[in-house]
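Quick one: structure below, then a few questions.
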Amino acid sequence: MTDEGKKSLAMVVMSGDFDKLAGAFIIANGAAAMGMDVTMFFTFWGLRALKKNVGSGKTFFGKMIGLMYGGGIEKSHPSKFAFGGIGRWMFKKMMANHGVQSLAEMRDLAVQLGVNMYGCQMSMDVMEIPRESFIDGVKEPVGVGFFLLKAQDADIQLFI
Amino acid sequence: MTDEGKKSLAMVVMSGDFDKLAGAFIIANGAAAMGMDVTMFFTFWGLRALKKNVGSGKTFFGKMIGLMYGGGIEKSHPSKFAFGGIGRWMFKKMMANHGVQSLAEMRDLAVQLGVNMYGCQMSMDVMEIPRESFIDGVKEPVGVGFFLLKAQDADIQLFI
Amino acid sequence: MTDEGKKSLAMVVMSGDFDKLAGAFIIANGAAAMGMDVTMFFTFWGLRALKKNVGSGKTFFGKMIGLMYGGGIEKSHPSKFAFGGIGRWMFKKMMANHGVQSLAEMRDLAVQLGVNMYGCQMSMDVMEIPRESFIDGVKEPVGVGFFLLKAQDADIQLFI
């Protein structure tokens, strides 16, 4: 629990996969909506989730790929999208048919709900992702020690 | 801890990979056998673990693939099975040689041990997986808020 | 918390991917350096992280692949390395440019810091990985029940 007696959640987000990021934000936003104090520590592939949308794709999916993997590798896709294209099709269909928020919308909501989003300083260094590439609303870069202190006192910890 | 003073475990199962599902059930069944209260919240790819076996494969492995990914995409396999086939071979060999339970048997044991298995309502909607496709023993569909309430008070939380 | 009042961390390491193992060791070593009691339970693909370096590759990366997947399948690579080679390039570059420890160095540090590393007995059996193949500093093989007892009383639990 936090100082204010709130229940709290601390998660590492290492994955940059579409599905994992959606899961991370759905859990984080759900927790924040319930009044929990939420910390998301983005590292490695997960850092792409914090970047401004620099995708050049015109479709929704093209933009999401740009969001996740930067402008240079729009043609890549998460491993689970490789089932003869059925994964990609499934996501497009699910977005269109069921009114689920896009990743960018989930991320906006996280900012609005006061979810604390941090980039891992070491990962930012090694992947050469400057803080300036992040959207507004991301906190200052921190190290693994910061995450561990948050996680020690959190009621829920997850590695995604 | 739960109301009855039992230790408790709450896990999200997002993966539908053979190896990850085996890990999830081994941990869940181990915890239940130790007297813990166990909650498994299946979402996204993980939902396949709850489906009745509709695989048309005749081999054990063909049926497992059917179990995980439904009848239409039996030819797909988890990413870790792609090492020139050695992953698939390894699993078959390990099953045959070491008397480890199959996934279906692990799942049956989970039901017998009173593991609480839930499907994520939102994922079921977007992936168009009706409750009727699930095996007996799965509880009513729930949302992420239900999981978070369970996880807040659990002694162990995992994201698989 | 442990008996001595230390904060504690218990993690399952199922993945054998380069990036996931790096994350696991960075978190474990960070926690140990902060004075936490750390338990790493290596299972399945993760067991490769405990093996002596039997890779025959001459390059750093060749050796790491050997470390992770044994001598026979040096040509394999983690799924995230498949982006037209950019993943592999990225890791090599990041190692060279930013002075980050190699996986082997991280593991050595874990031993020095007193991180408790265990192999999962069942996984060792089914994958036919004998205890003798492990580096010095790995504890005796244990089962999932051992991990669960550690995790129940730990302040942080993670599944990697």
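Letters are used for the chains, namely A, B and C, taken in the order the chains are written, and counting of residues starts over at 1 for each.
As a convention for this text, a residue touches a chain if its C-beta (ideal position, glycine included) is under 8 Å from a C-beta of that chain, and two chains touch if they have at least 3 such contacts.
It should be emphasised that the depicted structure is a prediction, and the values quoted were computed from it without experimental measurement.
Of all residue numbers that take part in the contact between subunit A and subunit B, under half occur on both sides, making this a different-residue interface. One copy, subunit A, sits rotated relative to the other, subunit C; on C-alpha atoms the angle is 120 degrees to the nearest 5.
Per-chain Cα centroids separate subunit A from subunit B by 24 Å. Touching two or more other chains at once are residues 79, 157-159 of subunit A. Those residues of subunit C lying in contact with subunit A across their complex are 7, 9, 11, 19-20, 23, 26-27, 30-31, 33-34, 36, 79-80, 82-84, 86, 90, 94, 97-98, 100, 155-160. Of all the residues in subunit A, the ones that touch subunit C in their complex are 12, 14, 43-45, 69, 73, 76, 79, 122, 125-127, 143-145, 147-149, 151-154, 157-159.
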